[in-house]
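A, B, C, D, E and F are the chain letters, set down in written order, and residue numbers restart from 1 in every chain.
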Amino acid sequence: MAFLKRSPWILHYDASSCNGCDIEVLACLTPLYDVERFGIINTGNPKHADILLITGGVNSQNRPVVRNLYEQMPEPKVVIAVGACAATGGIFRECYNIAGGIDKVIPVDVYVPGCAARPEQIIDGVVAALGILEEKRERMAGGARMKEEAGETT
Amino acid sequence: MNRIMGAVIFLILAPLLGGLIAGIDRKITARMQGRVGPPILQPFYDVGKLFEKEKVVVTTAQNFYILAYLIFIALSGALFFAGGDLLLIIFAFTLAHVFLVLGAYAAHSPYSHIGAERELIQVMAYEPVIILTAVGFYMVTGSFYVVDMATTTIPVILYLPGVFLGLAAILTLKLRKSPFDISTSHHAHQEIVKGVTTEFSGSTLGQIEIAHWYENIFLLGIVYLFFAWNPVIGIIAVAVTYAAEIFVDNVTARVRWQAALKSGWLAAALGIANLAILSYMVYGGA
Amino acid sequence: MGLFEMTKTVLQNLVRGPATRRYPAVPARTTPITRGHVVFDPATCRSCALCSKRCPCVAIHLDKEAKVWEINRMRCIACGDCVESCPFGSLAMEQDYLPPTEEHVVDSYTITYVKPERPAKKPAEEGVDA
Amino acid sequence: MQTLLFLILFPILVACLLLFVKRTTSRYAVVVLSALAIGGASIYLLMRYAFEGAVYFAAPSETASLAMVAIEMALALFIIYMGAKFRNYLAIGLAVVQAALVVYLEMTFSENLHAINNLFIDQFSIIMALIIGIIGSLIAVYAVRYMETYHHLHPEVRDRQGTFFFVVFAFIAAMFGLVFSNNLLWIFFFWEVTTITSFLLIGYAETEEATKNAFLALVMNLLGGVAFIAAIIYLVAAGPASGGIDLAAVLASGDAAIILIPAVLIGFAGITKAALMPFSSWLLGAMVAPTPVSALLHSSTMVKAGVYILVRFAPVFAGTLAGVSVGLVGAVTFVVASAIAISQSNAKLVLAYSTIANLGLIAACAGVGTHMLVWAAILLIIFHAVAKSLLFLGTGAVENRIESRDIEDMEGLIVRMPKMAVMMFIGIAGMFLAPFGMLISKWAAIEAFVQVPFGIVFVAILAYGSAVTVFFWAKWMGKLITVIRGVEQIEKGFFEEPWIPLYIITGLVIAAAFLFPVISSMLIEPYVLVIYGVTAGLAQTNVAIMLLMMALLLFLPLSFALFRKSAKRLPAYMGGRPATADLHFEGSLGMTREAQTRNYYLTTCFGEARLFRPGAAVCIILILASWAFAGVAL
Amino acid sequence: MTVNEEQTTINIAPGDLLREVGALNSDGYRLVQIGCTDVGGAYEVNYSFDKGYQFRNLRLTVEPETEIPSISDIYWGAFVYENELHDLFGITVTGINIDFKGTFYRTDEKYPFSVTRRGGDRCQDV
Amino acid sequence: MPGRIVVPFGPQHPVLPEPIHIDLVLEDELVVDAVPSIGYIHRGLEQLVQKREYPEYVYVAERICGICSFMHALCYCQGIEHIMGIEVPDRSRYLRTIWSEYSRLHSHLLWLGLFADAMGFENLFMRSWQLRESVLDISEDTTGGRIIQSTCKVGGVRRDIGQDKLDEIHRGLDSFEEDCRDLGKVFLNDETVKYRLKGLGVLSKDEAYTLGSAGPTLRGSGVASDHRETGYAAYGELGYKAVVETAGDCYARCAVRVRELYSSIDIIRRAIEGMPEGPIDVKVKGAPDGEYFSRVEQPRGEVVHYLLGNGTKHLARARIRTPTFANIPALVKMLPGAQLADVPIVVLSIDPCISCTER
């Protein structure tokens, strides 16, 4: 059964956003958008999270942090890049301290365009991510089953 | 035989009921905040999800303690619904919590460590009230056995209003609700991240959640005992108490540990005052 | 007594019901001037390159030779500067938002504008380097 | 009776022998053999007398009594000499007073100083004898290796191991004497011997601090001694009505009014010896002594002499306000000492405070003195002795290995010294967790206190006290089982022999939890029955449940295998900050820092500075109140 | 109640800095900012102060290798600006009360704002 | 005394909305040392002036931060206008004032929410952010963007607000003010909130002043310093008096912001009432040559844009000193002595915005 789709917990990290997308991510939690309707909780802890929501492009300081957070999340997990900055660096792309989009550091599954991305767009992004999350889960479960079977035959 | 049935029914139904209550709780909370809130069954989805996730640990030992935590919480609840000795149940309950704390210690992570310390402060804060509750019941019903408390015809609440208030106060602590959710909180934004549960994930976190459901049912069971002479009133009282807890959760800020400890101990003092008057009535009158 | 000051709000919320906008069941709130995304009309663009010059994100790329006008959707910040700068009204700002995607999106258009018969004066902008 | 005499005299022989054994190996052999003999004899005692109730022996009297007086005088002279040497005039004064009182007693009432039976044994004595005989001798065995390492680590301390073991065995002999004597004068004599041995052992290191603390202990114990002898004089002076110096007769004498005053005085002596507030400081100071001394004297046995005498007098206290006051001294001590334990990070001090607290609890039970409470008190004595000795010895072993007795330095012991950690873990669990013994006794105590007038005060104190107890033990436990990385196991290469006593005591802690129904029904309940005519005990179902929990606990670690494989390991959450496995992270200002996890000590709430004075003040008032109540009763 | 804002800029020599700043401090000015501009071969460092919306700016022009003294003894909070000065421009400031020693911003490239020090402008490839 | 706890606090942490790292050294839960480190959001956008022409740089300036976005644009534009000697039309000054104050409302409500969140008061967080949404709605209705307005430009504003809309906004202000006052009451009167805030992170008047603090952090300590008093935009005509509290603790800083909600509403109301007719922009030709320290009062305090033009379309230097940057020393001073549980509150009490701090 796929409970995963009904209970995605997100971890939000600001990898040098201008706050614009950040606060829209937060706005999703608040009464007007209330993503808890979809079982979404904003956990502050990578070990509990299923979805990593990143705003802002990465700079070199943030590189290891982003990677660390990503690694700390248990499988299956997806990454959503929210906003133009997280996708490509956006308006700051040419700044000396911006390396570019999040995909320079970790694999990104969903890009949410916009500057700032609207709460509705972010919700859409999460919904899109759920599909990918479910696929990954099935692959993982399949992998485990295959491993088991392999174990039995040997 | 009856008593074993009680235990079995608890072991099976408590997680279901506990999860449901958690779901209703979240829904009401959301409504109080002007939101729609999650589906009522959300807690089950969450736990189901957790069991689907990969197991991740800092150290393998940590999960062992959580299993022990779950087992002993379930055990103390089962003993309760089997009508056992309330003091013994309380001690089993404490033992369970010590296991939770040990799990957090074992992980050796700064945040779970601080969470563990705070959880211990919580235990220290609520323990006196819980013990006094048992003692209070004894003074009124003449027995430490839950089975006698549950079948009593005395309206216990009339004798123990202070103890009941004390218990209601520490219930906030136990349900991990504001203002006393110091060691870990369902609400994400806490200075100590997720406190005790920081390093637990996947099915282990699910176990903690289930243990919490067991625990809540057990605690509500204690609340019920105050009104046990009339089951209807009892169930209403439990609902009202829980609703009051949700309400308080929604209208208060989280306090520091100092205040949590002080409140817990003051709640106990209230209970003591109640019992002192009662004991004066018993011995003074005799 | 300052305890439980929040009570009034809580009760109000309970009575009034949730304030939630039930997106996606209810469409997103937009206004006529909402800046959603840029649309391009290949039929009127005269390849003046003003838009790509003004764009603060360098999201627009114009290849005059190949007659290709491209916009990198992942860079565009929907500021609308290009729309304002286009002297020929080839650009417009639509209210609706772009959906999330799994890949970077670069929309590419082939400019179909043909110079009218009457030889027109070369626009000055053509002299500007890109 | 031979066994009794053997147990008293044989250790003295061994003690003298050990004065002359210089090599560690031969000393070890001697100690092990005598430990076997003593332990064996105590078990024989158990089998021989367990079902007999109280048995009295006339036993040698005149000569022995004379010898005792002589030794007492000699000891007084020794104290005066030491007092003069270190300029402790208070000690001299008290010794002089005490000697004078003894002389006065001997001179004035010489014709009354006869007990019909000088020795006796009953179930309570058997329990005490088992504790002394088994735990005491195990500690002695452990001490041999410990002292060797100790001198290795502390070259500055003069090596006087001969004397050391002489005193240790002398002490064991005295303890046996104390619990077997039915003659109050004899009890007093042995009482004084334990005072002196304690003085000698605390001062062993001969540092300024050690000497100071030794004198502190001496002075406080002498104070108790003065009260003791005063009580005897009072009893004797009161004539036959009081029962004179025959313990059994005194306890049996119906005239509560008359014996209440001596009871309170002897209770006071018990309070000093058991280091209840305000006299707790001597026990804390005693922690400068080598760890086996702490284990032997200050946790498992000597302080038990104090509560032993209190429990003996419990029937006298029962139902009197004086008794309630004495009990309250214990109760207040329990809660205050437990609270202070929170603020301590020195393992030995935590153990010391916890000891004080538990002795307080026992005293509380004894003071109120109903049959249930006496039952609980004896249970407490047993469980405390085993668990606490394990913890002391464990701490000592760890200290010799990691060269620190700070709890913080024991972090990750489960990785560094796994066996040791498990043993200490069990010891700590024994101190406060269900289904281990201490908790059972506490539980019984609560149930018992509810049923007496003023019980609610005790229950309240107990409720707070046990809450506090959970805190300081659990955090220590947490330190032990924290799994740290990047350290090596350092258990190997450590002397193997000291482990054997540790293993045995660990076994005893678990066995005690399993066997407590047997112990209770075989020894404690009959004892209580004889005295009160009713007896106590836990309901069968509860016992069964406890045993079930115990079994569950033992079984659970097996599930460990379950977790071994599947999980993926990731480093701890460090705020996203990249960190190494051993918790070093890149900190501000470009420094690499280590995330440290220290326990909370809550000093502002529970500090010694904050709690000791009020606690002591309350206890002094209560002690005075107990005297006043006793006086009024007269 | 509307107050008119005035801005004045005074050029001072590095040696006078501490004296001038001290004087402003005792005059009751608060520190608004310290900023810097690379004017090609030299740096213009602006120390800005304010009192009742009157804006005083002390301007120091220094050569690349000149060390400037920290004013953090006078204005405790100056350390943030001075660390920034060092990290973005490579100017050595001596005696800062909390010296991050180049770990304040930890930029990818050192001294990104200092054309002089880097010897020409470089851009991120797009 | 037993040792200390060392905790890496951040850069990712649930109560820190933005990445900042603090090495926290604790004794039990008492903070004995706190060393921050930043640089997680440093982008280097000041340097973009070399790549964007000065009119386009407004879009960059807006994204110095997404919260006081409008204020940055305003400050930048006013600076350029001052250098170039441009007089903007009256109506645009009034419109700028209205948007500024809406930004402030949005920012303060946002902050109040986060602040409540730091205290573990979830419902209050939700309520603050719910109110904030109505501000965002107005922002979207009048500028086309919820967060980033993109409406200020050199020489005026890009969009007008029609009279209908102005009237509608004006009508809505009353009920909005009532909601804000209800919200304010919780922050200022609730016992649990007071328990968390009073006496925490005290900054004396002297300290606040010499540490160079800005905004509510400064005003909460009793210093009346609010750049609106200099009368830029339309504040000259409308008049403004700084809101001041004297206690210098977190409660005072919170109170300043709560009361500024009311004063902002008041300004908006009067700005709408006094709105002059006329054009909204002037044509801008040429390029700036000269320098200016442009200052504007943001929600977090005074921001300084130092602009240096050299007569080309590209500025020679833009240097932005933001209020949070100025408040960091105060933060470093306030943390030791607080409890761990109070760290988020103390940190938030300066309303830290790392985005603009690091630029």
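Here is the rule we go by: a residue touches a chain if its C-beta (ideal position, glycine included) is under 8 Å from a C-beta of that chain, and two chains touch if they have at least 3 such contacts.
Predicted, not measured: the structure shown is a model, and the values here were computed from it.
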- Joint neighbours of chain C and chain B, given as chain labels: A, F
- Message: On a CA-centroid basis, which chain has its centre farthest from chain D's?
- Response: C
- Which interface, named by its two chains, has the most contact pairs? B-D
- Could you give the separation in Å between the centres of chain B and chain E, each centre being the mean of its C-alpha atoms? 58
- Could you give the separation in Å between the centres of chain A and chain F, each centre being the mean of its C-alpha atoms? 29
- Using the average of all C-alpha atoms in each chain as its centre, how far is it in Å between chain A and chain B? 34
- Where the centres are mean C-alpha positions, what is the separation of chain C from chain E, in Å? 40
- Multi-chain touching residues of chain C, meaning two or more other chains, are 4-6, 10, 18-20, 22, 56, 58, 77-79
- Item | Residue numbers of chain B (touch at least two other chains) | 30, 32-37, 54-56, 110-111, 113-114, 188-190, 193, 198-199, 250-252, 258
- Among the residues of chain A, which are close enough to touch at least two other chains? 13, 30-32, 34, 37, 42-47, 59, 61, 65, 69, 72, 74, 90-91, 93-98, 115, 118
- Can you name every pair of chains that touch? A-B, A-C, A-D, A-E, A-F, B-C, B-D, B-F, C-F, D-E, D-F, E-F
- Task: Note which residues of chain F are touching chain E in the complex, please.
- Result: 35, 37-39, 42, 44, 46-47, 50-51, 209-213, 227, 229-231, 235-236, 239-241, 292-293, 295, 302, 304, 306, 308, 316-317, 319, 321, 325-326, 328-330, 332-333, 358
- Given the complex with chain D, which residues does chain E contribute to the contact? 98-103
- Parts of chain F lying in touch with chain B, wherever the complex brings them together: 5-8, 13-15, 29, 116-124, 126-127, 130, 190, 192-193, 195-196, 339-344
- Query: What part of chain F is in contact with chain D in the complex they form?
  - Reply: 1-13, 19, 21-23, 28-29, 35-37
- Item | Residues of chain E defined as touching chain F within the complex | 1-5, 7, 25, 30-33, 35-38, 46, 48, 53, 55, 57, 75-81, 98, 100, 103-107, 112-113, 121, 123
